[in-house]
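The same chain A turns up in both complexes below, where it pairs with chain B and then with chain C.
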Partner chain A sequence: MRNKQHHGGRGRFENNGGIELEDVEKVFTLRRRTGVLRRSREEVRAVDGISFTVAPGEMVGYIGPNGAGKSTTIKMLTGILAPSGGRLRVAGIDPARERIRLAHHIGVVYGQRTTLWWDLPLRDSYTLVRRLYRVPARRFHRNLDRCVELLDLGALMDTPVRQLSLGQRVRGDIAAALLHDPAILYLDEPTIGLDAVSKVKVRGFLQDINAEHNTTVLLTTHDLTDIEQLCRRVMVIDHGRLVYDGTLDGLHTLGESERTLIVDFERVLPPVTVPGARTVKTDGPRQWLAIPADASAAPVVAAVAAHHPLVDLSIREPDVEDVIAAMYARLPRG
Partner chain B sequence: MARALDGLRAYRLIAAMWIRSAAAYRTSFLVTAIGSFTASGLSFAAILLMFSHVEVLGGLLLPEAALLYGTSNTALGLADLTLGNMVSLGQRVRDGTLNTLLVRPAPVLAQVAADRFALRRIGRIGQGALVLIWALAQVDVAWTPLKILLVPVMLISGAAIFGAVYIVGAAFQFCAQDAAEVQNSFTYGGNALLQYPPAVFAKEVVWGATFVIPLAFVNWLPVLYILDRGNPLGLPTWLAFAAPAVATALCAAAGLAWRAGLRGYRSAGS
Partner chain C sequence: MLPGVMRLYVAVAVSTFRRYTAYRAATAAGVFTNIVFGFIVAYAYMALWHERPNLGGYGREQALTFVWISQALAAAMALLGGGFQEELQERIRTGEIAIDLSRPVDMQLWWLACDLGRAVFHLLSRGVVPLAVGALAFRLALPQSPLMWLAFLLSALLGAVVSFALRYLVALSSFWLLDGAGVNMVNGLLTMFFSGMLLPLTVFPGAFGETARLLPWAAVLQTPADVLLGRHHGSGLGRALLFQAGWVLVLLSAGRAMQLRATQRTVVQGG
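This part shows the complex of A and B:
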């Protein structure tokens, strides 16, 4: 096991909302029974030498297939897991060494798991958060009132967390993560399972928070629309390595990813031909048209509508797996 | 030290929140507290039943045996009230909720211990204390200042010894997540042992409870001193006063075990 030690060298983002990783590794040892008494040890490099820097106030998407090392990275950035090697600084703090000090600077939201107290009403959970984080009363009420208003929590304040729907609970969790004005917000699949209205609400709220408080946001998601609307920068991790760091448009170009325009015509038509799109599938009066993800759909929609009688249409965004798979198909790995 | 104070503060805040939330259901609290009182009282009924057939059990009369019972139950009750929830650690490791505690600005031990703080557990303390008070009034003892002092010292040390067992058990659950039953066998099982005079057990059991898992310091050794009885292992009587030292050493060991367990978890993950 490589074990790099980095001493000294103060971070560039001392005590503010920046994130720095330098050759960060996380190696898990799996013990497996191979016989009655024999055990084999196997090393799994969940994170295999990742370096990146996130400036204060940046909103960055962190994506990758399941098991790529996303959650492991987040766990190291929040101080839950200690890295096996490399150097990490979050707001100038070494997360593994000073977990409790770091906790005051970060907010964490898991879409699939609540950080709230399951049996307590939201109101009690928030009061407890306020006391644990020692948030001054005025600041607490200002932040809470804002969250309650923008995330529509007013009617839910006296409901125990376990009785909330998924969407309500995630909104409740986001509010809880922001009551202490964290400089950095980690969001792990924050829009998973949310309905369209909730998604729009959550995204809008995150944008406002970022604009107002310059909160750094690191977001993992499977919904590329989240990233499109929130992040100028996206990082892709796979097999524990960073394989892309740049704009979402750049990723689409690289992955040749396509959006799909699903069109219902009034009657069965032969495959339509419009500039900027190609028909990939037909089924009765319904046709599927592929458009490059970095191009606008508007001219295609206009062209289709101008020449054919339309009943309905919808657009499907490419998902993370598609984009990454396409990217690999084009780029040899390594 | 600052960390310990932080932990106590977090413990107080979380426990207070659970007490307030339970106060909303007063009837439920009363019923469960009385349930806890009655359930732990049943074991005393068993002892009473035995003394209805024999005058002396393991060399002790009823009030003397009741002194053992009352001290052990009160000590365990105190530990159970404050640290009983540590048993849930394995569950938290399994379902991943331990991670949510690690992103909060408070020591994890305090957060796990205070979670779902159940004041109804006071039922056991109440029941143990009642028996203890009755026993103290009934026993035929030539009280000296030292013996009087030994009673509260024994209760506090005993609670600390049981508390250390709760924490060691929780630390063990970092690697064996379904070991909650092992822990229960040492706490509740240990209590069942300490309710009876040591003389009724085999020497090996008493030896193990003295030197391996030093539960004998919870009440056996101090009570036998108060009653002026020699102990079955023929150990010096001053050992009764080692209870605070044993409790301190166990708590320190438990603290180390907990830190090692948590460090292992944070380097290996779940």
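This part shows the complex of A and C:
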């Protein structure tokens, strides 16, 4: 069994599920053609001095716009990329030095790629995973049964991966990443392209795993709802630097971000006035109301429904990009 | 009981074997192609050996046997393309190699196990059937002794590993080149000629012939074929197998060195 909340020792999280980064940098050198034979070299600082610590059992969101350095960070955390500078420890291991030893402690899920084998049924993929990680038979079957039940994979076990839908495939991938009881789980856009039902299922499962096994989870996503429901802590990276590390509410406050309430009335109405919201747009009987993202939508919905003939409504969460853009508007860059 | 590591690679080979069984139409088409080519080349060789009996030290029956062994091993040794390297190149190009690298497994042994699983499948499907058809249609010089067949299988296994090791180097070049089409073409040409697929390497005279017979491609087809034809016996057989084993050692080591460099400088494609 892994130690829970073990502190002390040289690194704080020696041999358990913690992640430590100290001034980590990754610089890529790009060669560009500037003439027939001339090349110019250009340095790109994909990760530009990042420090953070994730305690064992923590679930942390790691967000940022495209090209911010999220994937580069994950690749360094799995040992695929060696950092150009700084110090990095995952479960007490230097990833780039001991990639293969580290692999036994981590699970990785890429929403846009599969770790399963295209032509093989799920069942055979899992047998290979078992051999790969040398999971003892009893533990393997216990973990697999649990994943199959909670992720609803029972009917899919004999289906080749190429015939699975995206949602089914991602669920299959999550199971594959957990069969060897990793202390740390990296999830790179695990809910991208999933329908609402699949998203709920995946999130619920991750919560269960974290609660039961104290699995550390680092999650990159564009869907703030993932973070809202899974992570108390969120880190924002942009241009290779950590620009925010705190609660999601704090991020919303900082970014003055707004959720949008889309309301359909029975007939065309003048812009409604409700306390706690402002109408930003109208189009026939449909109106768009903005609510601060850290406030509850319930009183606004109640107020609208009480005074106006309501047909339908829906809520749109703010995008990561919007929140970060708004945050910049307020935050002087350092 | 096999140790854990062996069981992993056996499982990998078995699963690749099973992957290939899924494509039955492709396999049937492949068998058909090998048979048709076998006939075409067989008649060409008959014409050639009629004009030049004992060319390259082969009699007519031996030359025809060489044709059908070439066809039988063509798919297994990936002499005309196919095999793992296109898949590996694609994974390097798209960045999916990142997934392979986050597994607790040695990349070279992993792909070797994959390719051997495929080779066994191709030997059983695209090897056995064309050879049987060839043996029915022509008088071939196939050995009677089971020991000779065993020696042939051992030599074929070594040849398959040499073939893998060569293609592994080709595939890994994608880490630097990004587009493998050029290297694949050059490798395809070299393989087709220097393995003996076009003409047995024994027919080439002088220093060129000597050199061609020492190159690694010779270990892929020429050597196993000559073992089956009984041209190596006693210590000669030992030397032939050592020649193959030597190339296995050299090429696998080169692959390891290249793999180390590649993963150290890995620039995984795609975000």
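Just so we're on the same page, the second predicted complex is superposed on the first by the 324 of 334 C-alpha atoms of A that agree within 3 Å, B and C clash if a C-alpha of one lies under 4 Å from a C-alpha of the other, contacts with A are read in each partner's own complex, and residues count from 1 in each chain.
In this section, a contact is a pair of C-beta atoms (placed from the backbone, for glycine too) under 8 Å apart; a residue touches a chain by one contact, two chains touch by 3 or more.
Everything quoted here is computed from the prediction, not taken from an experiment.
In this overlay on chain A, chain B clashes with chain C.
By the touch criterion defined above, A:67 lies against chain C but remains apart from chain B after alignment on the C-alpha atoms of chain A. Using the contact criterion defined above for the overlaid structures, shared-chain residue A:104 touches chain B and also reaches chain C.
Once chain A of one complex is fitted onto chain A of the other, the partner contacts of A:132 extend to both chain B and chain C.
Of the two partner chains placed around the shared chain by superposition, chain B and chain C are both touched by A:113.
Contacts of A:75 after superposition: both chain B and chain C are touched. For the contact definition in use here, the residues of chain A common to its chain B contact set and its chain C contact set are 28, 75, 78-82, 99-101, 103-104, 106, 108, 110, 113-115, 117, 119-120, 124, 127-128, 131-133. Considering their complex, residues 28-29, 72, 75, 78-82, 84, 96, 99-101, 103-104, 106, 108, 110, 113-115, 117, 119-121, 124, 127-128, 131-133 of chain A touch chain B.
The touching residues of chain B, when paired with chain A in their complex, are 3, 6, 10, 13-14, 17, 20-21, 96-97, 99-100, 102-107, 115-116, 263, 266-269. Residue ranges on chain C touching chain A, taken from their complex, read 4, 7-8, 11-12, 15, 18-19, 22, 95-96, 98-99, 101-106, 264, 266-268, 271. For chain A in complex with chain C, the touching residues are 28, 66-67, 71, 75, 78-82, 99-101, 103-104, 106, 108, 110, 113-115, 117, 119-120, 124, 127-128, 131-134, 160.
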